[in-house]
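Please see the structure below; I have some questions.
Lettered A, B, C and D in written order, each chain numbered from 1.
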Amino acid sequence: MFLEAATSGFFLAATYAIAAFGLVIVFGVLDILNFAHGALLVLSAYLASSLIIGGVPYWIALVGIVAVMALAGMGLERTIFRRVEGEVIAGLVVSIGIIAIVDTAILRFWGPEPRTLPRLVEGSVSVGSATLPVDRLLIIAVVAVVLVLAQVALTRSRWGKVLRATAQQQDAASLQGIPVDRVKTVAFGIGTALAALAGVVIASTVTFDTHLGESLVIKSFIVIIIGGVGSTTGAMVGASILGFAEAFGSAYFGVAVAQLIPLIALAAVLLVRPHGIFGRRLERV
Amino acid sequence: MGVLAIAERRSTSSATGKDLRRAAPIVLPLVLLVLPLVTSSPQHHSWVAASLLWSLWVASLNIVWGYVGLLSVAQLALGAIAAYWVAILGARTDTNLGVLVVVGVLLSMVASVLLGAVSTRLKGFYFTIITIAFALTVSTILMNWDVAGRTTGLMFLRSEIPVIHLGPYELIATTTEGFYVLTAIVFVLANAIAALVLYSRAGRAMRAVRDDPQLARSLGFSPAAIRTLAFALSGALAGVAGILHAYSFQLVVPELFAIDQALLAVMLIVLAGLGNVWAPVIAGIIYLLLYQVAPIDGDLRAGLLGLVVILVILLLPRGIVDAVPAWRRAWAHRAASHSEEASA
Amino acid sequence: MANRSHPRSRDLRLAGLGMTIMVLLLGLTACASDSGDEGGELRIAAVLPLTGPAAEIGAAWKAGIEIAEDVINDNGGLTIDGNKVDIKVKIVDDESTPAGAQRVIQELLNEDYQLFFGPSTSANFQTAFATLKDDERRLVLSPAQAAEPFLTTGGRLFKTQPSQSPEALAGFAQQFADYLKPETVAILQPQDPGGDGVAQNLAKGFEEAGVDVVYNNQVPADTRDFLPIVSAIRNTDPDLVITPYLDSVGGPFLQQAAQVGYVDTKFANYGGSSAQVAEAPQISEFTYMLATRAPDNPDDEVLAEFRAAYEEKFGHAPKPIDTYALMVYDPILMLAQAVEDAGTSTDIAAIAEALREVTDWKGKALPFSFDEKGLIQLETMQLATLRDGETTYTDFVP
Amino acid sequence: MTDTIPILSVQNVTKTFGGIAAVSDVSFDVQSGTICGLVGPNGAGKTTLVNVLSGFEPSTSGQVRLGERSLFGWSATRRARAGLVRTFQHAHTFGSMRVGEALAAASVPPRGTGVRALFPSRDRQEITDRVGKVLQFLQLTRWEHALCGDLPYGVKKRLGIGLSLVTEPKVLLLDEPAAGLNTVETTGLVEMLRKLRSTGITILVIEHSMPLIRSVCDSMVVLDHGVKIHEGPPEVVLTDERVIGAYLGRR
């Protein structure tokens, strides 16, 4: 039981982390909390289901959708989010609107039935008494690699430095000749791409429908607040806390408890350390 | 304009027009009370009653978000507290309904004030996310609490509302028309209160604190105290809305007060004009047209609303900018980027 | 604030508002009640969740009603004291929300419908019925679990889905116990009214039947990760696992159970269908108890007429979820029968009385009758067991 | 120094951020009805000192007295109500209000939770008069119905002072009132400060522009690296070579 719960914990952590990672990048650069992150994620899941059921090989579908969603994200930034940039609340409201639209679109095109995709890999491995599904282990690995790469890219690569520079000091960045506007667009693209990646990954593991978006994005919000807004490391730590808390909660204490754990964790963090575990201090007003 | 305008009435003559304009949001809703004379169709009464409930939610949200600038997604959850209180004790004790309602409203008020206390620690979206968490907590508890009827909820029958004597007129809320009149009266009062608050010194203080807390403090305003006042008012309003909401469906279930409903209130208020005295009325009209009258598929309504919200924010931020001056910067920013494109 | 924008624009806003209100009032008066009972047809209103969370089941209910309508009209309609009339069912969408239910009920009352089917989901039913219950001129059939507390002797409400009273579910638990012979059972249900009923009362039933309930938990309907729950259940090592009654929850649960190789215990279900194991073929034994009969069983001659009508209308065989269609199909036929017997389409009391006394009507997909309180009494129910690809159907008397 | 009680007295005030002292052990008095200039190069701790005096930041040690009252532990709100009002270097206004409205609001900040403020105040006429006076005094009359958010920078700064004046303060802390103003506006400012002094308001003004200091201040205090390096009448202080060194050295 422990190992299964742990696997589940890792899996949840991975999904939350990758969803939150995108949110953080977008927030860092544009000061926008994209509430529609989850909706875009679910949209990618639905696209994936159509492609894969349509006979497109999984990996091609994955790459294709991630690419498309990245472009879509850039489009959104150019057309919509740019206008409310720096206005977190305005951004929230806009993204609420986007959620409504995306959900409606999904219901129109795909209908309300929950959808399932053929497994990525069948089968499971036994470790002692525990039996662990291979595909989840695989996905955990993939996500872990992606996150590590992303983190490295963010801290080491030139682009990463540019991103972080823009996030920290926009004026300074533009003075150094960084094309801030383009950076923002790309950042939003990356964020959406990560959402898409998360979406396709989840789609191939669990049954999904439009509700998945809302619950995931709220969880991701909680994650980035716990971890500290604007900190990718924090996002990953927060995701792990939440993922494991839920997995072990529902394994050992029942579901109701597991539902409350994230909320309690959030309250605790906000009261003890409002700026989150890895967050920079908040300015008090 | 408040105090100033009143003084100007003595001096300048043009002030009367202004006062009319300011009286309108308080007086005009009285039109609602003549509706029963215009139409006797229960369908129309229930249409407008349902819409007025959303006007009430928006009025409550307008005080915290519009007046003091803190977006709360917890208003419906706050209302749920009052509604469930009345439902649970109404079913198990024979306490006087009036007492239950008053205490219920006070409970929502207290909860709201406590929630507001968080806002002295956490600003902006941090506060918003706290309210999300609060709403989730409430619904999770309700769904797992046998006394609250878990997911089945509890009945909340109008037939338990006693006949209310308004002078010669007897208000029997059991009928659709009676319930409509009750809702209309409550709304007219609530709306008038909300409007008067906005015009009062406290209202200006709220806007002062919203616009620039630092400056407000430097001039002797106490942001914490003023926010507390706003939260108390909006909490009480939410409590009233919650109880009426439950009576309208004659039922309390968690889904009536869920987050998606709160998001609907957010979209409505954004369209109606955040911080606008008219917001509740306009929001009610939008709801009436889109959710009651318009013969369109259920799953289209939300999408349509979302689309309009985005268009409003992008194309006429002034429509909602009223309460959020910073959005004008977004507008300016946009204008700037345009001119750049032009020059380039 | 209004005083924020320029005075002129504010005047405009005011004017606009005033006009909107006037337009509305005019509109309201204009489209005032356009009721009027077209002679020559029996009007029935069906309130179903065609959009929103419950839309999938709503579609099945809709199918059932449409088929019933066709069957009746193709057989020449009804004879109400001498003259032939067609049956005309108006199907409206309550959007799976109480708000929607409230709106459409008012709409239907405005058109003066007297015979109602639904609303079919609990919250929506409670909202709608609160409006209908004191109205002598309305008769309501609904499958909603929340209808049960409202049933009264000689009343005008009829519940078309089997009771979830402790006694009833105790019976089903006994049935499972006799049929599957478990010593310990684990129960998982979705967090909704139906799930509440099953989780609480079925558990009681098992205890009474001497079966030890080792796990009993409810999950939110949008739960996606069942692995920890699977392992928690597996940890208690029950002989029998009762899966969520909703296929949309039970399916994922079984699928993930199969993933981790938890397939060799017995899985059973009350209210679900074979759809649950569609994604989990490795499950060695899955039994589901149907209040109706399995509509996806090609060899069931009782359902032959229904299946034929269904295929004719929709061009494909009934799906497992169409067990819900069956739950509407017959009650509608029966209602029509009752109207014929009562010889009136307006005297609700007479129709209600007749409905209680109906013993024989067209269709007969499921033999049942309504008791004095208007609660459906099934003469037979069905247990279907999937074992290594083979499905065996067993009828039993509840 | 005179033996009358100074209206504002700063006693050994120290403010440290994470060990680094932004202001260390600064003491000086401001006599009632005078204008005192607080000067020093960038980073000398001038604004920090104003924040401490106005209660926006707690002092690490030392205390501030307003008349004979010690303001120890008083919140900014309370200090403002006691008559110690500050302005901001960057023009702060209530963006969503019209000028007249903002002034009216500032003239009667509700007390406590302000429940009483929900009801019309009794002293409307007085408020109108106050607002009218300030509008006159700062020549803001023509802007009365303009939105604060739309005002030109110079006017915004003037309104900033107006907002503090309408509260009828005893002591006014002006944080770089001339910053960002053109020469015309600056001379206007000098005039205004003189008039204010004549109405008996005590002013502590932080300023960079020496001409302004020289022309209006009765006394001045020079800070460098958070330490007071000189105090006295301008003509004396400004000839002191340490001051010139500290000051011009970094120019």
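The working rule: contacts are C-beta pairs under 8 Å (C-beta built on N, C-alpha and C of every residue); 3 or more make two chains touch, one makes a residue touch a chain.
Model, not experiment: these values are computed from the prediction.
*Asks:* Name, by label, each chain that touches both members of the pair chain C and chain D.
*Replies:* Both-contact set = B.
*Asks:* Based on mean C-alpha positions, I'd like to know which chain lies farthest from chain A.
*Replies:* D
*Asks:* Just how far, in Å, is the C-alpha centre of chain C from the one of chain A?
*Replies:* That gives a centre separation of 37 Å.
*Asks:* Distance from the CA centroid of chain A to that of chain D, rounded to the nearest Å?
*Replies:* Computed from C-alpha means, the inter-chain centre distance equals 48 Å.
*Asks:* Per the centroid of Cα atoms for each chain, what is the distance between chain A and chain B, given in Å?
*Replies:* It comes to 32 Å between the two C-alpha centres.
*Asks:* What parts of chain B, by residue number, touch at least two of the other chains?
*Replies:* 1, 144, 207, 214, 275, 299, 322-323
*Asks:* Provide the list of chain C residues touching at least two other chains, using ranges where the numbers run on.
*Replies:* Residues 1, 3-4, 51-52, 191, 220 of chain C touch two or more partner chains.
*Asks:* Chain D: which residues touch two or more other chains?
*Replies:* 96, 98, 101
*Asks:* Can you name the residues of chain A that touch chain B in the complex?
*Replies:* It is residues 33, 80, 82-90, 92-94, 96-101, 103-105, 107-108, 181, 214, 218, 221-222, 225, 256, 259-260, 263, 266-267, 270-271, 274, 282, 284-285 of chain A that touch chain B.
*Asks:* Considering the complex alone, what residue numbers of chain C touch chain A?
*Replies:* So the residues of chain C touching chain A come out as 51-53, 55-56, 191, 217-225, 227-232, 234-235, 248, 251-252, 255-256, 259-262, 279.
*Asks:* Which residues, counting only chain D, touch chain B once they are in their complex?
*Replies:* That would be residues 54, 56, 75-77, 80-81, 85-88, 92-98, 100-102, 104-106, 108-110, 112-115, 117-121, 124-125, 127-128, 131, 149, 160, 163-164, 167 of chain D.
*Asks:* Would you mind writing out the residues of chain B in touch with chain C in their complex?
*Replies:* 1, 21, 24-25, 28, 31, 35, 38-44, 46-47, 50, 143-144, 150-153, 155, 157-159, 176, 198, 207, 248-251, 253, 255-256, 273, 275-278, 281-282, 285, 288, 291-293, 297-299, 318, 321-323
*Asks:* Would you tell me which residues of chain B are touching chain A in their complex?
*Replies:* Touch residues, chain B against chain A: 71, 118, 121-126, 128-130, 132-133, 136-137, 140, 144, 213-214, 223, 259-260, 263, 266-267, 270, 299-300, 302-307, 309-310, 313-314, 317, 324, 326-327, 329-330, 333-334, 337.
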